[in-house]
Amino acid sequence: MLSGSDVAAHSSRQSLWMIIHGKVYDLTEFAPSHPGGERILLKYAGKDATEEYDPIHPPGTIEGALSPDKHLGDVDLATLSDEQKPVEQPVVKAPTGEAPVTLGACLNLDDIERAAERLLKPKAWAYYRSAADDEKTYDWNREAFYSVRFRPRVMRDVTQVDLTTSLLGFESSLPVYVSPAAMGRLAHPDGEKCLARVAATHGIPYIVPIPSSPLFSPDARSDSSTRSQLYVNRDRRKSEEIMRAVANAGYKAICVTVDAPVAGKRERDERAKLDEEAVPVAHTGPDAPDAPQDESSQGIAQALGSYVDATLSWTDIPWIRQASGGLPVILKGISTAEDAALAAHHGASAIILSNHGGRQCEGAPSSLETLLEIRKFEPQVFDQLEVWVDGGYRRGTDILKALALGARAVGIGRPFMYSLAFGDAGVNKVATILRDELAQNTRLLGATKLDEIVPSMLNTRELEANLWNGPYESPVSKSLLAKL
Amino acid sequence: MLSGSDVAAHSSRQSLWMIIHGKVYDLTEFAPSHPGGERILLKYAGKDATEEYDPIHPPGTIEGALSPDKHLGDVDLATLSDEQKPVEQPVVKAPTGEAPVTLGACLNLDDIERAAERLLKPKAWAYYRSAADDEKTYDWNREAFYSVRFRPRVMRDVTQVDLTTSLLGFESSLPVYVSPAAMGRLAHPDGEKCLARVAATHGIPYIVPIPSSPLFSPDARSDSSTRSQLYVNRDRRKSEEIMRAVANAGYKAICVTVDAPVAGKRERDERAKLDEEAVPVAHTGPDAPDAPQDESSQGIAQALGSYVDATLSWTDIPWIRQASGGLPVILKGISTAEDAALAAHHGASAIILSNHGGRQCEGAPSSLETLLEIRKFEPQVFDQLEVWVDGGYRRGTDILKALALGARAVGIGRPFMYSLAFGDAGVNKVATILRDELAQNTRLLGATKLDEIVPSMLNTRELEANLWNGPYESPVSKSLLAKL
Amino acid sequence: MLSGSDVAAHSSRQSLWMIIHGKVYDLTEFAPSHPGGERILLKYAGKDATEEYDPIHPPGTIEGALSPDKHLGDVDLATLSDEQKPVEQPVVKAPTGEAPVTLGACLNLDDIERAAERLLKPKAWAYYRSAADDEKTYDWNREAFYSVRFRPRVMRDVTQVDLTTSLLGFESSLPVYVSPAAMGRLAHPDGEKCLARVAATHGIPYIVPIPSSPLFSPDARSDSSTRSQLYVNRDRRKSEEIMRAVANAGYKAICVTVDAPVAGKRERDERAKLDEEAVPVAHTGPDAPDAPQDESSQGIAQALGSYVDATLSWTDIPWIRQASGGLPVILKGISTAEDAALAAHHGASAIILSNHGGRQCEGAPSSLETLLEIRKFEPQVFDQLEVWVDGGYRRGTDILKALALGARAVGIGRPFMYSLAFGDAGVNKVATILRDELAQNTRLLGATKLDEIVPSMLNTRELEANLWNGPYESPVSKSLLAKL
Amino acid sequence: MLSGSDVAAHSSRQSLWMIIHGKVYDLTEFAPSHPGGERILLKYAGKDATEEYDPIHPPGTIEGALSPDKHLGDVDLATLSDEQKPVEQPVVKAPTGEAPVTLGACLNLDDIERAAERLLKPKAWAYYRSAADDEKTYDWNREAFYSVRFRPRVMRDVTQVDLTTSLLGFESSLPVYVSPAAMGRLAHPDGEKCLARVAATHGIPYIVPIPSSPLFSPDARSDSSTRSQLYVNRDRRKSEEIMRAVANAGYKAICVTVDAPVAGKRERDERAKLDEEAVPVAHTGPDAPDAPQDESSQGIAQALGSYVDATLSWTDIPWIRQASGGLPVILKGISTAEDAALAAHHGASAIILSNHGGRQCEGAPSSLETLLEIRKFEPQVFDQLEVWVDGGYRRGTDILKALALGARAVGIGRPFMYSLAFGDAGVNKVATILRDELAQNTRLLGATKLDEIVPSMLNTRELEANLWNGPYESPVSKSLLAKL
């Protein structure tokens, strides 16, 4: 076992050792090719970099990046000098110059967001909040809700209201689930564990994100309704490993993200990186070899996206199902009636209509629009699989609008991430606000359970006016399939 | 009879007495369950709390909440120490640092609103002004008017103009009535009495709000055209009592609010509560038992809504008519053609197309839209009952737009509440402005009386473009009724 | 002949004399009923009030208001004390604290407006700029232009461009005329004379406004293409007098304003009055007797409107033509296809599609919309009379859009009034800018003369989407006329 | 050879000599008629004016304007006094008071624009940025993109992406070319040379602008894919000379700008001129003789436009082709289906759908709209010639939207001009950003090469709602051509 002074002797470009999780690695040869730049490695040369390394590297990154001979073994952490020890980084800022930010003053999910903007470190805020390009799709996700109107019915007994539903066979106390968003530890040391704990308490599913998350933590496994998310890895054997582990851990479904063969251009995230030079992001980006990368414009999103497999296609669904031991497959990121029909045709159990919170293709439709498009061109899909949605949902009324159009569940992403600034209490607050708003507005619509939320309670004419209107040829029509 | 010092001796949690309207109550046992929190009770323990209690509790609240043995009898008010005496609370602020606010400088109803914002106490302003969720429906109520255009006709003799109409058989000098808005005493000690006096002077109806109002004041009764509003109580015997009283008092109709089985989420109101901790609001809310309430997020609206009966349904109309001695029934809060047809079918004499000023279901249609929807799907309703409207009406032209589409009367709510900041003079100003604007624009449209305001004077095409377009099945079609 | 000291002796409510244009009037009895209030008369009691009186009273106001015995005769102006003498009021402010406002820096008509806002007295600016109610129609007049798009054609020889046209038989160098706007002397001592001079220089018509204008000034008469505007007076004999005078003075047409039986509610104007208490406005308003007037809310517009005859109707057209010696009749203020057809039917020679610059009925259509409506429902009108337009035209492209839809001439109102802040040079600048912009954009559309500006050069689809679509019944259809 | 002191002796209105590029000219007689005014000439009388003259005069201006006897010969530049020497004008400002502007911080083309606004001299910024009238068309060019939505497809192998295309027979590495914008030397001494160098490096075409550009520089010629732009001169012999030179220089096509028979009204440009009195602009404008020009309102655009031939018509295309030695003819500035059809009919090889960046006819359609219009009314045009577009393209997604509608190439103008503030590095950055964004979003749409970008990936319904809808008569229909 190495001592602190052994490691401290290797703190230069000539010999660069580093401690991560109590293990020593020789990064001398690797440093010049470190995707996040050499500078940050020199900053931690000879020291324990665990605190900085942890929240932003997918698990196993360093083990996979170095050959076994660069794994120098364990270090006796008790022998580290103060200079070598990891500096604990508070994830929540002490707000100054303004009134204190309290959870009690947060009445809705936008309040939580504003609080998080003040509390979180700029890098964390930027990563959560960022969206693609000019963030028009992000904005449009919200505006779509405003263009849909209700037709509330009165004089109905609404004393009792029941918000429970069944999702892929398991009961949920709300038609709501926690979306699989990465990097929860940027906001709170417990990150994904907070989300798992509170989701279990409320009896709603949590789709655990695999990149960056402590996949097999007891908390995450504790609730039987938890699902797990998968970005299929370029190294398919790694994906198979993960899927087997997912199945063994007792997860109830596997969610494959299909709208991110490359990461979107999230400039807010990239600017935060520019502002905070020391962020060690991986960026072996998937861009074409003839596209010279400007190194400085790489945010966390690009780093995370770099290992995703861009070859994923419909015929891989059986492989996924088999590798995960027959778990139901959820496809996240469907934006067209064609792909919804193809998902059903290829055996998916659920699809999530999503434009990735406006983080991927700038200009992609909101989930409400895709719901309408499927109703118009492939209505049988609603009988073939469960249709879930996400993207910009912030109010109970937003959720009810999707339910009225046939959605079975609504994913909440950023608000839960923001709420991590308050730990478990924040996550609980988000779930409670949504529950209250759902109960209240279900009554105000004249309904007492979710299947009474019907299309005639909605006026979607403004949204329909700009809906795509073909010409449409179903990719699963008999004639088209016959040709294949 | 008790003395001031008797009461002053019970000013702690161990023994908590309080004076309301010259009567002493023992609140020791009740305090922990006080919906508005214990803290506010301790603040007034051993003192006269009448000034604070009055404007925000429905009449009879304390009498109903305590068992008779807690009614300790009268106190000799002359014996109160200065500390015990109620502190008179000015309802109108003296504005500082800006030009004085004068009624003479108010040229329109928006001016009155801006003046009220400066003059009223924040809690009062917040209660009147607040609307549901993000207040989009509140905004939309105004925008709907802007999207409708006139087709004014010229070269017609418009020297004389007659604005009188008949509402449920009684003449009104204008097609306008004072909407039943609660909590008038937050703005003026005379509150509802001001409204009743000026409405009588102008010869327009006032629908007296039952919660919080001095129902049987001589002023309110003085005008034969006054109606009374009812929120049906969870305790139906109480409702019957009130209805009998309404009939005996000479009211000419009974107005039942049907769009508020639970109160909307009015965050402006809730924030004012947070800012002014001492507001003693009742909040035995109607939320589902599995929805843990965050105590701090309860405004005045929630308090008022807490005793409303959420079981009210169409078959209760005969009960209401009988209990009120056969008064015509007005249903306030209809938003769909279906419910308009059902109201006619079940014998209502008038309906008020209303989204409660945007205070209930965020996303509900404006009254202009519901007018168009009824014209499209249930046009016979206009012959079966009187169609009244409210929600965002601020200009004479707004009113004329509704009349051209078949409305018989328009309710003005917030502007009258705001005008209470100026007392009777303010209320008179609002009525006068509306009268002048109505006369002027009736002439500019080329009309001289209300039945000359015809649909062809209106271009509603922009509004119609987003009108709901079915599929529509009438709930009163013969085939549908046959099934029931 | 009276002396200054004779008049000065009558400077109280007990005896109130006043000098106007060198004549002395006894206003003692009249003062309490002065529409602008008694206070302003007391301010000038015993003094020469000409400077204050002149710009805001229609000619002959005082002569008509007082019986002959109150006309006390001439005063020797040389004998007035300094206190009695009129204080000359500069109409143009010296701007302070900002860069000087120069005509040379004005590149377009909006620049002229911004300059005028800084240069004119607040009362003058408010009168010119004001529009009805919330000024939405004023705004919409501009927005309508933005919603119409061009389809410019290329590869055409556009070296020479000819902008001349013929209006009611007289040539105009541009398809533009000066609209009849009152109160020019608020901006410049020469007021309407400036407009007449420059219009003559440019060879474009000027419709001289009769209220407030020096009708028979040599300048106004000098140009044969000048028309005259008429608001028909309640006293029809007065109207006949004016019309005879118009005909004798050589005017070539008579323009009757038909959209102002009462003045619109122009709050900007009214506020200026409130700010400047001393404005002596007439306000024997046309409001219903049961509508108590709030005296303070009367601006210049109300004063001017007070003598207008609200009984004017279609059958009065022959009377007008006869009284004016057979001059062509122009009807200003048509907003519907029905009234356009009726105007043609009753023998008008031209109509002006106008919503009075958004100053009358809030919600009336823009002239572009009325053009489209007439093209849709009464297309023959364009062959029966000349269709002129006004309202918000500021750019050469605005004018070309109206011409493409069949308008023959476009009236420019406010910009010419604003330009009076610079006198003749300002008026010339407005005409020159319009001429340049018209020439330039005619070329850019691929045209060289006005009749090459055709409908297919315009995309009006956005505007048409919200056009009124009936049901339409022509008021001049044979069947309808047969019934009359 | 003259000496500095020889020239310095002629520095007054009486005798006015000036040095340009080492040659001395006698401007004494010419000065009063100098289009940019006499004042600026007197400022440089007796001095070397090359630095001021160069960036804003088309090549050969002074040689052509003066008769040979005013060409006084060469001067020995070594003999100039310091006062006579040209003052080198830095084209890039040192920004003060804000953070330094670095290229590395520019993540997108809007960043480049904001940087340029801070770095460039006001005159240069105003010239590049300016657009016609109220700049509504400029804005609309961007908004049109936002109204079009994508329909991204997922689960497709997008590992490899190929962005190459063929333009008029030559390969381009991107469906992008550098638009012909004049006055590059206002931003950088190398101006057009930078653009030519970097375009060659990236393998994309550059359409070299003839006015103001160093046409035959080795850089410009070096790349075989470069095209050349032509504004046809009023002096057609000059145009023929230029076209012959273009052909001899090895250019591969000739681009004729057809939407600028006169320059648009670019007030931003004109105001910059007003602010910087010394700008010597030519302004023998094409306005009608009866339109007196206000001298001060002439910007750079007017100066450049003054020599353009406004007689150009369709029958001139054969003349152009012949004069340029048979080069393919590109027509830049088509806005209608009619003109697209006529261009094909008359033998153009490509058209550029363009409203000149909103700089010409305010109200002209965006290129996306014209694409849709051609698809609707003249779809065969896409087979008859190549359809290129420009106007407001800033993002890879903007470009993909045009490609999906049938465009073959997209011109980028202003961003490249702005990027000149950073020289070659800036130009390279713009090309690199576009390449990266194109690669990324092609993948996110589920495509791997440009011909997989198909119409069904686009939802243009919002844009189509306001598309012109006729009545359409094709100018190349057999019946119409028969009549000619």
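General remarks:
Every chain is named by a letter (A, B, C and D) in the order it is written, and numbering of its residues begins at 1.
Everything that follows uses one rule, which is that a contact is a pair of C-beta atoms (placed from the backbone, for glycine too) under 8 Å apart; a residue touches a chain by one contact, two chains touch by 3 or more.
Note that the coordinates shown come from a computational prediction; the quantities given were computed from them, not determined experimentally.
In summary, the pair subunit A and subunit B forms a contact in which the copies contribute largely different residue numbers, shared numbers making up under half of all those used. Put simply, subunit C has to spin 90° for its C-alpha atoms to lie on subunit D, with the angle rounded to a multiple of 5. Inter-chain centre distance (subunit A to subunit D, centres taken as mean C-alpha positions): 45 Å. Taking each chain's centre as the average of its CA atoms, subunit A and subunit C sit 63 Å apart.
Contacts with at least two other chains are made by residues 465 of subunit C. Applying the touch criterion to all chain pairs gives A-B, A-D, B-C, C-D. Contacts from subunit D toward subunit C in the complex involve residues 133-134, 136, 258-259, 261-262, 264-265, 267, 270-271, 274, 286-288, 290-294, 296-297, 310-314, 316, 331, 333-336, 338-339, 342, 360-365, 465-469, 471. Within the complex, the subunit C residues that touch subunit D are 104-105, 107-108, 110, 146, 148-161, 163, 173, 395, 397, 401, 429, 432, 435-437, 439-441, 443-445, 456, 459, 461-462, 465.
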